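The next part holds the structures, each set out as structure tokens.
Shared between the two complexes below is chain A, which has chain B as its partner in the first and chain C in the second.
Coming up: the complex of A and B.
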């Protein structure tokens, strides 16, 4: 059980990273970005591309990867920032300028998702890829908890990143402007806050987080062009469950989804195994996420940390 | 000299016009009211001044410069402050952060500005670390006005600052507005539906169905039985 909790925390931290970016986009740009899952895949594959270019630089801390993956991730972030800023400039900005309703912009993002997935398929093909084939030995802790060095690395990096984003939003002038825009966009404009600058920073943060989340997922699982589309479900559920626009909501929502999916499906899998019933419970993970969000929204219709009021 | 001059504007939402041939002026340091029933177009007029709505016809100039077609963030930088009727704060941010966002366009040390505001509204200093969404209705309204004042705008647009407040809070809020206008000597364009708020002003415009029906001094408007009966229900709302 404790082992499943540990896996849930690792998986939840990857969801939380992506969900923080998605919640910022949803609340500041006022649409649900269905392309976010495929940006997750694209970031992971661009990291894979740079990793191939950089080659093997050796590993550290018994990880399955080395400094070359760290460097590849940083290069991937830079490329992804250019991509997301260009997408906003030539795809979403014209829609904003024309006053497209949020539903139309969300549907436009769905179209973008298909385009991005096609690009990934053309560039890398449909086969499964790995950053590393190295076998990792998990370290054993009390209560039967086993954590691989890669998982420990992901958890620590996520904690640091979340803390840095929190500091940015809480302490910097631009971060506060982003929160103001998320809270009440009309009043933010009438306070002299530059909408364009806030939108640019939203994409920078969201683009960085989704690239890192995609790469972490690639380290933890594998790379497939469809992985981001599947990952979109827990991302959306985490954002909605936590309350759209809430930083802490995205973090908690991501963790709740990750832990619940791992523990519920893992526990049922263990029970079925003891009854000698052959079934793969991992395919029911999205169902767990949906049941959870329905239960939470019935109790708190605006999400765990959601706001009841919002600027128009 | 006119600080704000609106000349014959027609404006609305999409093809639906709400304001028809509206003209008004506000001089420096003057407190002017716009009165009228619900749906008269009062808030639309303020939104047109702020650049959220572009007039179809006519001109709006501020400090002798046309502001038609300018973005709200640029108009604010020219010295206009706005306190909207609804959603006038950033609810998930603290009181202090709300004031910071009010002063977003200013750079440098703002301690003096904050101290001035806290002197005018001492309760806000006590609540400065509290999320604005958790304040009472009256405190929220004070924060909204404080947020609008922190820029020390040359003209403050106040949209029904007493709407939705309990009767005892209305009097408190009006005396606070009077204190602020007397002390700061700023021009104010006050949208209101109450006689008591109208009494704070030197002049007033009566807006109905998107048209200016009366424009006169407050005393003249208050003495007009027709105005009182039509738009304030006789003396019932005094």
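Coming up: the complex of A and C.
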């Protein structure tokens, strides 16, 4: 049980990293970005590209990867920021200028999702790839918890990143403007907030977080061009569950989904096993997120932390 | 060559039926259904299980007539739409789309893994083709084209009549401004549910029409791109809310899709293996360009009537 909880927290922290950026985009830009999952894959693959260029620089803390992956991730973030800002300038900005309804912008983002996934597939091919082929020995703790050094690294980094984003939103002028835009766009514009600047910073934060989340996923699982599309559903469920635009909601939503995907399928598997029913429940992990969102929406239609109905 | 063209027309007509159903839900009622593939798949599997011969590999093999398969497909798709509608129709716009996408992925997991029901990834074989015995197998395409063409015409006439009726006017009202329609005393939830069920039944019929043509069904066909988003592209290209435009859009998009098959003969082998992704790139680019430059549709002159 405790072991399932530990792996759920690791998976949940990757979802939370992605969901925080997505919730900011959904509320500040006022549309659901269906290309977000494929940006996640793209970030992970660009890191893979730089890792190949940089070679091996030695490692630390017994991780399966080393300093070169850290450097590759930083370079990947820079490239991804250029990409997302260009996408916004030449794809989403014209739509904002036209005053396209949120649903049409969502459809446009769907088109972008296919373009990005096709580019990833054409550039890298559909094969499964890994950052490292090293096999890690998990460290054993009490209650049967086994944590690999990689997983520990991911959890700590997530914690630090979430804290930094929180400080940015809470303390800086731009962060406050972003929260204002997310809360009430009309009022924010009326009080003289520079929309362009706020939108740029939203993309910068979301682009950084999604690249890191994609790289973490690549470390923890594997790299596949389709992975981002499959990851999109848990991300959206975390956003909706937490309430669109809510920072804490995205964090809690991501964690809840990560933990429950691991624990519910694991527990049901154990029950079936004790009843001597032969069934593989692990294939239904992705379905847990869906069942959760239905339950949450029936109980609290605006999400756990959501306050009001939104037009999107 | 002729048989290739007939096959193109048959699959094109099946997609046109699905596109008409989506147009009813999205073009008129404003329901952003990203789970078309789910209802298409339900219809396909229902009809396959009801009509195929006895087997030990999976449930069913009831050997019922093809007509019963079509009716079953419509009833199951409509019934599931009714059940999904309760939680999902409380959501608006984008959230509804995400919920439907999640439902499609979940049902796809069930179909892939529950082999007692669907025979898993191996799929169901031996699905009867109507009137297959009466003609030379070489000319069977013509018979099926008449059946599917008739079905398309029937569904087009039914939807065209429905959207012109007072019922259809309320749907259009919901699509344009739900709050306003609600304020004029209409029960929007109930009308949205009716449109959702009606459209989903038609998607189920499209699925049944597909399996009785191919005689075989497996989960691979129902990936989101091939079963949901290509239909979205057809509606966007044809013109949201324009029934005839949507039918033309379906055939045009399918022609581009099939046409890119011919390209594989002219490009180097290394590129040919990735032709599927180049198609995906085209889908994305066409969708993006349509929304950016002509949101009313490439083939459609004006926005709605």
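Keep this in mind: the second predicted complex is superposed on the first by the 297 of 312 C-alpha atoms of A that agree within 3 Å, B and C clash if a C-alpha of one lies under 4 Å from a C-alpha of the other, contacts with A are read in each partner's own complex, and residues count from 1 in each chain.
Following the convention adopted for this analysis, contacts are C-beta pairs under 8 Å (C-beta built on N, C-alpha and C of every residue); 3 or more make two chains touch, one makes a residue touch a chain.
Remember, it's a predicted structure, so these values are computed and weren't measured experimentally.
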| item | value |
| --- | --- |
| Contacts of A:283 with chain B and chain C, given as first, second, both or neither | second |
| Touched partner set for A:186, first chain B, second chain C, both or neither | first |
| Touched chain A residues, chain B compared with chain C | C |
| Which superposed partner A:176 touches (first chain B, second chain C, both, neither) | first |
| Partner chain(s) touched by A:194 [first = chain B, second = chain C, both, neither] | first |
| Chain B versus chain C as contact partner of A:257, first or second or both or neither | neither |
| Footprint overlap on chain A, where chain B in one structure and chain C in the other make contact | 309, 311-312 |
| In the complex with chain A, residue positions of chain B that touch it | 50, 52, 71-73, 76-77, 82, 84, 87-93, 97, 100-102, 104-105, 133, 147 |
| Interfacial residue positions of chain A with respect to chain B in the complex | 173, 176-177, 179-180, 183-184, 186-195, 245-246, 307, 309-312 |
| Contacting residues of chain C [partner chain A, same complex] | 30, 32, 87, 90-95, 97-99, 101-103, 105-106, 109, 112-113, 224-225, 229, 232, 236, 274, 277-278, 280-281, 283-288, 290-292, 295 |
| In the complex, chain A residues that touch chain C | 31-32, 91, 94-95, 100, 102-108, 110-119, 121-122, 125-126, 229-230, 233, 236-237, 240, 280, 283-284, 286-287, 289-291, 293-294, 297-298, 301, 309, 311-312 |
